[in-house]
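You will see two complexes here that share chain A, one where it goes with chain B and one where it goes with chain C.
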Partner chain A sequence: MIADNFIYCKPETKKDAVKAYEKLKKESNKVFYYGGGSEIITMARAGSNVPDAVIDIKGIPECNVLELKNDVLIIGGAVSLNDINESKLFPLLGTAGARIADHTNQCRITVGGNICGTIIYRETVLPLLLTDAKVSIYGPGRRRTLPLNEIFHERIKLDQGEFIYQIKVKKEMTETPFIHVKKTANEKIDYPLVTVCVTQYKGRLRMAFSGICSYPFRSTDIEEVINNPEISVGDKLNLIHNLLPEPPLTDYEGSGKYRIFVMKNIIEKILERYHNNAKIL
Partner chain B sequence: MEIRTARAEISADGKVKIETSSQSPFSVMKQIGKCFNIDAGNIEVHVPFVGGAFGGKAPVTLEILAYMASFKVNGTPVRVIISREEDMTSAPCRLGLDAKIMLGATKEGKINAAKLTFYLDSGAYADISPYMSKSIAADCTGPYNIENLYCDSYCIYTNRTYSTSYRGFGHLCYTYCMECALDILAKRCEVDPLELRLINAIKPGNLSPTQVISTLSNTGNITSCLQKLKEVINWKGPQIKKIDNEVIRTTGIACLWKQAVPPPGSVSGAIITFNSDGSLNLNTGNVEMGSGGQTMLAHMLADKLKMDIKKIHVNFTKDTRFNPEHYKTVASITNYMAGNAVMKAADEVLSQLKEMGSEIFSCSPEDIDVAESKVFRKDNPQSFIDFKDIVLGYKPENEKVIGQPVIAKGTFILKQLSLLDPNTGKGKSGPSWTVGAQAVEIEFNIKDYTYRIVNATTVMDVGKIVNPDGMKGIIYGGMAMGLSMASREVYDYNQEGRLKTPNLRTYKLLHIGQEPLYHVEFIETPQLDSPYGSRSISEHGIIGIPAALSNALSLATNININELPLTPEYLWRQMEAKHDS
Partner chain C sequence: MLKFYDNLTVINLDVNGELRSVTVRPSDILLDVLREQLGLTGAKPGCKNGDCGTCTVLLDGMPVKSCLTLAIETIGHKILTIEGLGGMGSHTQIQEAFVEYNAFQCGYCTSGFLMVCHALINNKPEADEYEIEKWLESNICRCTSYQEIRSAVESVLKNQPKYV
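Coming up: the complex of A and B.
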């Protein structure tokens, strides 16, 4: 429940959405595009982010697309995690989404919302970073489509009034072998202590992480070490935690040191399997 | 688990009406009366069916605020509702405890002396914590005979959310400390921890910590509980079973006991009236909040009157204007206090019916019997009168009216309790104990220190089994709460003393899917002064569970674990510390 009044509008085209944004922004301070709304409810309840106006992008047809076209998977920004999972079009993204929140919320949370939201884990970003996904962004300026890797640094760098209306991933990349491991403090449904996403593409492992730091990331530094056949598993494990982009996160879910311990355990298991079979699966 | 809420209004003639989700409507009446100098009779307290309380709705808090707010606006009704976050941050919560346990024992594991010190984290207000402090001291040993005993129990103000009663009234806290210490002692003496508990189990003729002479009636039989536990979990001493390269299985055990410590002179009452269909209404002052007290009373009454329980109606909502006073619906003593009152009321029902029956059948009341909602002569059960034709007076066609409507009452007052002697600690603080033995089996991952709870077992001496499924359900629930609390629940404060876990997103609970299999077995050692010999059981399922889980983990990790909650990160920290040293 949100106990404050706010404006709700549901445009039917992306142009109208941006128009609405520009108009509302003149009158009020906090204007949010939204897909599922689960995070807005949470933030409003906590009092940390109460909207003055929300623009529901579920009315925009392009934002609801989920289809393969010319060997490219197109995912609308307002497609729910559960729809992605049930479509089986992108198993890795489906798996990652199926471990975010509970099923009720997976039916509500959208991929665009998960990437752009304020909750720091943004676990759908991991598969997208590893599969060279591109994002199509629409806003007051011109429409732009660019690799997620280029626009996502700690969080997605959108300009004012912009929103993700589509995500594009090559079919070939959606089919790469993968491992997705999420470890929480204790519960099945919770924020991650560490989530590790691994894909194998052209004989190399790619790795992305959430929970270990205050933002999700793909680390080419860690990948260099992991893929180096000269280094033993033990040494790899000792090297990787020095390659994190920032010190590990400490909060009520777990201390930084403990997160490192959990991360090492996850990677050790993956590497043992990899070294035995030269395959991650 | 509804949050706490209260509503107050004051009528033009000064009468106060309070509606509240409370376990203690009569305390609300008394406290508001005392605080604001209002005659208690001018205060009416209504309590609806309460959704979960576990002691947390025994203190009087929001009622006072609602009254003051209503007073300020000339008696207009005012409702005070707090959010989940406010409820967890500012309304009273469960107790925190630190303890120092020193045990002196023979090599064989017989404990001869103990020095126990408890520090209770009362939070910012005393509320009921001093009574918990006393309750802990009075039962501090657990169900064991320790001849030389020294105990200090300190209640300490801190800058935290204040504490109140929570399932077990402090018992799960000190029991955790004692039962972990017993496992350490067993290890030191190289004695099977279950055998060590049997060696020290309290027996008739032994003294309780406050020097009450133990009898089977007042204490029950912990030895039988332990023996039964040994049998049902197939206990063969502490064992580590290897499941695979990473996972091992261990079991931990713990005992429990608890006596209720209501103030001397606490009262209860029951009124029975009848409906025109011959069914009856059982009216007590007990609040129903899911602990099954009303159902238990109805079962006892049905048995006593030899009638179908479906024809007994209990009232779930309470109103101090109509319901007879019951102390507070706390301490699991509905069966004992209200049960005794109900039994007396049932006697009155029988005597009134027999009186009428004797007049109708022209015999003495002793020749009349009552069963299956019928009144008849013992020597001629075929000729009977249905309840519906007699309970509102016997009115045969064209004949004279006999008797009068049946309305019966029964009352109870707690006697023979005393305060503790400040110098010796001697005194009788409760009517009886309930004892039990518990076990928790886990699968522990030696690589990442996570674990899965596989089985949880309780053997409890319930005195007399009344409504077995109901009793099992209550004990399962207690075990689940104990496992949740011990494995993850924590009131975590930051450096500034702010609660970091003020909602159910951050304050973790055990979920469906994480529950083990639950097993409950009963021992029946009657408590002679309680109806049907029944004992209090509602809270008790929680008490030994944290210690049993902890002892299983101590065995699995080979570390003496003695802190809660037992999260994988906590276990990892202990292992790291062990490796470093």
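Coming up: the complex of A and C.
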């Protein structure tokens, strides 16, 4: 049971969603867009971050799109992780989503919710950062589409009243060879100790991480080192932990030192394979 | 016309093939509404945090954890609970297989597992070991009947397409 009550509405258009937001925001403080609801319900039940109102975006047709159009994959913000995985349209995103929570929850968790949620791991962001995904955002008075890399720094930077209604990825990018490794401290279904996501595009490796720091990130600094043929694998491994955007996370799942150890171990195995075959797969 | 639900409201839910009227607050979770208003106590409260799966019901044929679903967002969708599985005096093959393979001990998790298994068999009749494991990982059985549950599912999948 959720002790507190909140207002609920389910608009059928983007415009109505924003209208609802503006109306509710005048009367209430915390107005959240609502996708699968797992995080909002969990937080509300615990009495932390209880919304005053939620706007369910699952009734908006554009938010439920999952299709290839003119060689661009369009994924609605309210599409579930399970639907993305089952579609096989974007294997890397499908694989990443299939390691978030469990299968039943993946039928509810939406890609937009995972990107915008408050849980720090946001593992669907990794494939999207590596494949130059663009996000289409709708909000009061404007609609904009821009690269996720430009708007995601530690977390998605949305203006008040905005929500992600679609994600767009070039088909070519959805087909890049990839490796996705998620290590957890104990159970298979858990938050990541370290998740490493690697793609190979135009002969270069791209890398993004979750769990190692307090937010997911793609590191071009690490990529520079990893792709430098003049640096040995051993030296690469010694260099990369100095290139993290912040000190590694220490919490109940593992210390920062342990996370670094696990991260290096994952990367070492990937690089061994890469150096032997010039391929990551 | 945009409708705002802000307090106690009467809504109709399609539960086990019948339209049922319930009075809910927007923040009421489906699990509580099923149990307390409709007397459908087959979906069990466990962790109430989306981890254990004992509250699993089907929404439009796919499993959901009713503790992580608002009752109000299920308007217009088909809800199937353990009470709606099979029919009066009859059981589905997966229910019979659970008995045959002793796929439970205390039984608290059984209704949740049965709903996941039912959805798996219907949605993935060709499910391989990986798929079976992936779907069953959503639920926890503290009596550890996992192998028996898995055997029950596999036995029904082998009997496809006769599943009813």
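Following the convention adopted for this analysis, the second predicted complex is superposed on the first by the 280 of 281 C-alpha atoms of A that agree within 3 Å, B and C clash if a C-alpha of one lies under 4 Å from a C-alpha of the other, contacts with A are read in each partner's own complex, and residues count from 1 in each chain.
The rule we apply is simple: contacts are C-beta pairs under 8 Å (C-beta built on N, C-alpha and C of every residue); 3 or more make two chains touch, one makes a residue touch a chain.
All values reported here derive from a predicted model rather than from experimental measurement.
Following the overlay on chain A, a side-by-side fit with no clash is recorded for the pair chain B and chain C. By the touch criterion defined above, A:Val262 lies against chain B but remains apart from chain C after alignment on the C-alpha atoms of chain A. Number of chain A residues touched is higher for C, counting chain B against chain C.
In the superposed model, A:Gly254 makes contact with chain B only, not with chain C. Using the contact criterion defined above for the overlaid structures, shared-chain residue A:Ala98 touches chain C, although it does not reach chain B. In the superposition on chain A, contact of A:Lys188 is made with both chain B and chain C.
Look at A:Arg218: by the touch rule set out above, it reaches neither chain B nor chain C. With both structures placed on the common chain, the touch criterion links A:Lys19 to chain C but leaves chain B unconnected. Contact with neither chain B nor chain C is seen for A:Lys236 once the two complexes are overlaid on the shared chain. This overlay, made by fitting chain A, leaves chain B and chain C with a least C-alpha separation of 6 Å.
Shared contact residues of chain A, touching chain B in one structure and chain C in the other: 42, 188-189. Those residues of chain B that touch chain A in the shared complex are 447-448, 450, 487-488, 492, 500-501, 505-506, 508, 511, 513-514, 567-569, 572-573.
Across the complex, chain C is touched by residues 1-2, 4-11, 16, 19-20, 24, 34, 37-38, 41-42, 44-45, 54, 56, 58, 82, 98, 101-105, 107-108, 188-189 of chain A. Against chain B, in their complex, chain A makes its touches with residues 42, 185-190, 252, 254-255, 258, 261-262, 265.
Remark: chain C residues 2-7, 25-29, 32, 48-50, 53, 56, 62-65, 67-70, 72-73, 116, 134-135, 137-139 touch chain A in the complex.
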